[in-house]
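These are the structures in question, set out in turn.
Heads up, the next two complexes both have chain A, just with different partners, chain B and then chain C.
The block that comes next holds the complex of A and B.
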């Protein structure tokens, strides 16, 4: 029970920890107070509790496909908000960004954290509330869950300081790369769930890397939790992963061009007025 | 015995759309039957009934499936079409006892 709790909770915590730590890095770059993220964590935890309480009923929606449809909808919403987030050039330092742009970044951050925690956290609530019903399981489950969550949060802290420790010009770029992987993961997981629900057609398995890197190995679990690694992904999943990554990369590129264009425009206007 | 029993269930039980339906029960954190047999290259609907009071998560790396089944509730999971082979599944909340496999046979 103990080891299972560690692995299960760690897996659920890691995905959220990666996203939250990258978002915290962008807030730091923009000099936005982390208070916003703390309130989003509280909202997400409340959302997870409510989602867990309603899971039995939600699962029966859409002819017993409610769980897949609602989870896939949350994942696709996260992907969409991520695209809007990066399109606002969140890596621009505070001096070059307009104050009203901060509001957009804050709203996206709040929604991303709250939605991700609602989805990831609900399973944690369901697991713990079920398992601790057995008197002999309560202590190892709670200890294991605490350790799993502790390792997951520590990994998030490592990612946060690891990113901030990079040379300045690489911080935002690395953060955006990680967000594009999160976006790809969201798209791929949503596709898998909708295929499971028979809402999307079956597509053939593209490769099988279970001999070299099985999903139930430590590295497999880690890569699954962080980047959605699958040893036997379907064609549709791989396609969605690439599409999700491309969407985030494209929006980030357009966002940075828009900012540099408006800055160039201002400089040109300024020079023109000076010359006059 | 279990495989034989399931074979009867499989061929005797079809959904309206013609998709074979297979019932699996979860009781005392065990799957009944623990081994199910399905034909190759056929989409199958698994009807998983959780008789325990606590939730379980049906999970399979090989089948790419993951679904929480609340206590005393049932869930539907579509699998396949699959090539012949063995595809293990387990209950993620009680993996020590809740183990099973789907055997896909060429007909």
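The block that comes next holds the complex of A and C.
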């Protein structure tokens, strides 16, 4: 129970902590108050509770594949919102410390945090409420959950301060790289769930690294939570992982080009008016 | 990293938690392995015990142990077994440990050969119970690490707070320093890390004091050294006026130049005098309406000279400020309006209350200023109108800079907009209203 609790809670917490810490860094760069993230965490926790309560009936949807399909839909929605988020060039810093009312970035951040927490949190709720009913399991479950959550949150805090400690020009780039890995992870997990639900065909296993780095080892679980590590990934999973990463990278690139183009345009207009 | 204390607490606690919890996990896994060895050793002792007990035919005493099972085999004959053991051999009769599934559970098994009686003793123990027992013992050891983290966090928070106290004291001392207090910063408990900072601040304060002293001396010297020769020059010009024809253009230009030089010096000195923060530390209650009346009474002649209409509107409104600088502000605004309003034009001064603010406004019916030039008029030595007008009007481009400066000293906002006349400019200064004397007492 103890180890199972550690692994499950660590996976869910670490996945959420990675996303939230990177989003917090971008909000810091945009001078947006972290109040929005706190509200999103509260909304996500409430969402997770209600999602967990409804899980029994949701599971019966789509020929008893409701849980897989709904979770995959949430992950694909998160991927889409992540793409919209990076397309707004969230790493563009403002010289002024005045809070920027950038509605698009705020809405994307709220949705990303709330949706991710709803999905991850519901699994935690279901697990803990299922296990804690047995008195002999309560102590190891709660201790394991505490350790899992502690490691996940600590990793998130260190990622946050680690990113902020980088030279300014590398902060946004590193954040976008992490977000592209999160995007790849979301796409890969969604593909796996849809394959389980028979919505996508099974494809051949590309490699087997379970001898070198088994999925059920601590490092394997950590890498799964952070980057969606699979010891035996299918062709479709690898393809969707790369597609997810490319989508985020492309949107980030287009977002930064759009900003630099409009800046160039303004500079040209200004020069033209000065010359007149 | 807005707060050093939060940054240190979060990062130290995160590193501590990460290392402690990962170490606890590692400890848990190692302890489980050790517990497994211990349980195996116990199982071996149980098997040996059964071997000895069987000789005494008392093995039935062990039947109450539902967590354990055993069989005693001699060749292929089952000599004895616990109630929960099956009739077939639980495991192969090769010496050593293994696993088997029976009776609805998974069991850890041991095949032990008793050389004294040529019997095989097979002992088994339920793995789930072993695991629960081991986990219960180990998690009890891990629990204090988890529960201790909030306490550790609290201690770190307090220790960092204590460590940063000298920095906070220094910050408070600097924040509470009066604007005219140029005494060195003193901290009773100076830490090594802060001594260099305090030394640098004190050196800076000393330099600032020297610079301010030098500037004060310069003002005093300049006031004396510059005003005296100009006054002498003006007397000489006055004497010359009787000997030189009235229409002598060069003489008129010389007179105008001397006037402009005197004005420039007065404005420069006035600008300097309103710069030091010490003015703002000696604010008194000033009735802006009465002040405007006084300034207008002093200056009405220059408006009459250009046949301009000067009106004052509003009511008694009191602000906290410095009467001398405020009259300079109003003089400059009126002088500016007078210069740029054509002969026969109108100037309106108003003092109104608006949402706990007092608005002093000076409007003229002059040519006005293009909105794109609003920022430029406040720059030093800026005169925006065309050259002929600039030559015609006496000024040095410092008046509105001084107005802006005085407004800043009073924490007031200066804004420029078109006037309510058909053309012209309105200069509005929004002051905070002085608190009601009754409110002050509360």
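Rule of thumb we're sticking to: the second predicted complex is superposed on the first by the 269 of 276 C-alpha atoms of A that agree within 3 Å, B and C clash if a C-alpha of one lies under 4 Å from a C-alpha of the other, contacts with A are read in each partner's own complex, and residues count from 1 in each chain.
Throughout what follows, a contact is a pair of C-beta atoms (placed from the backbone, for glycine too) under 8 Å apart; a residue touches a chain by one contact, two chains touch by 3 or more.
The structure presented is a predicted model; accordingly, all values stated were derived computationally and were not measured.
Engineer: Pick one for A:43: touches chain B only (first), chain C only (second), both, or neither.
Structural biologist: Neither partner.
Engineer: Quick check on the superposed pair: does A:243 touch chain B, chain C, both, or neither? Answer first, second, both or neither.
Structural biologist: neither
Engineer: Tell me which partner A:157 touches in the superposition: chain B (first), chain C (second), both or neither.
Structural biologist: The answer is second: A:157 touches chain C but not chain B.
Engineer: In the superposed arrangement, does A:218 touch chain B (first), chain C (second), both or neither?
Structural biologist: second
Engineer: For A:6, select first, second, both or neither according to whether it touches chain B, chain C, the two together, or no partner.
Structural biologist: Second partner only, chain C.
Engineer: For A:84, decide between first (touching chain B), second (touching chain C), both and neither.
Structural biologist: Touch partners of A:84: none, neither chain B nor chain C.
Engineer: Looking at chain A, does chain B or chain C touch a larger number of its residues?
Structural biologist: The partner making contact with more of chain A's residues is B.
Engineer: Need the overlap of the two footprints on chain A, from chain B and from chain C, as residue ranges.
Structural biologist: After superposing on chain A, no chain A residue contacts both chain B and chain C.
Engineer: Give the list of chain A residues in touch with chain B in this complex.
Structural biologist: 4, 8, 55-56, 59-60, 63-65, 67-68, 123, 126-127, 130-131, 133, 192, 195-198, 202, 210, 214-216, 230-234, 237
Engineer: Contact residues on chain C for chain A in the complex?
Structural biologist: Spelled out, the residues of chain C in touch with chain A are 1, 7, 10-11, 13-15, 17-18, 21-22, 24-25, 28-29, 132, 135-136, 138-140, 142-143, 146, 149.
Engineer: So in the complex, the part of chain B that touches chain A is made up of which residues?
Structural biologist: The touching residues are 43, 53-57, 61-62, 64-71, 73-78, 80-81, 92-93, 95-96.
Engineer: Touching residues of chain A toward chain C in the complex: what are they?
Structural biologist: Listed in rising order, the residues of chain A that touch chain C are 1-3, 6, 136, 139-140, 143-144, 146-147, 150-151, 153-155, 157-158, 161, 164, 218.
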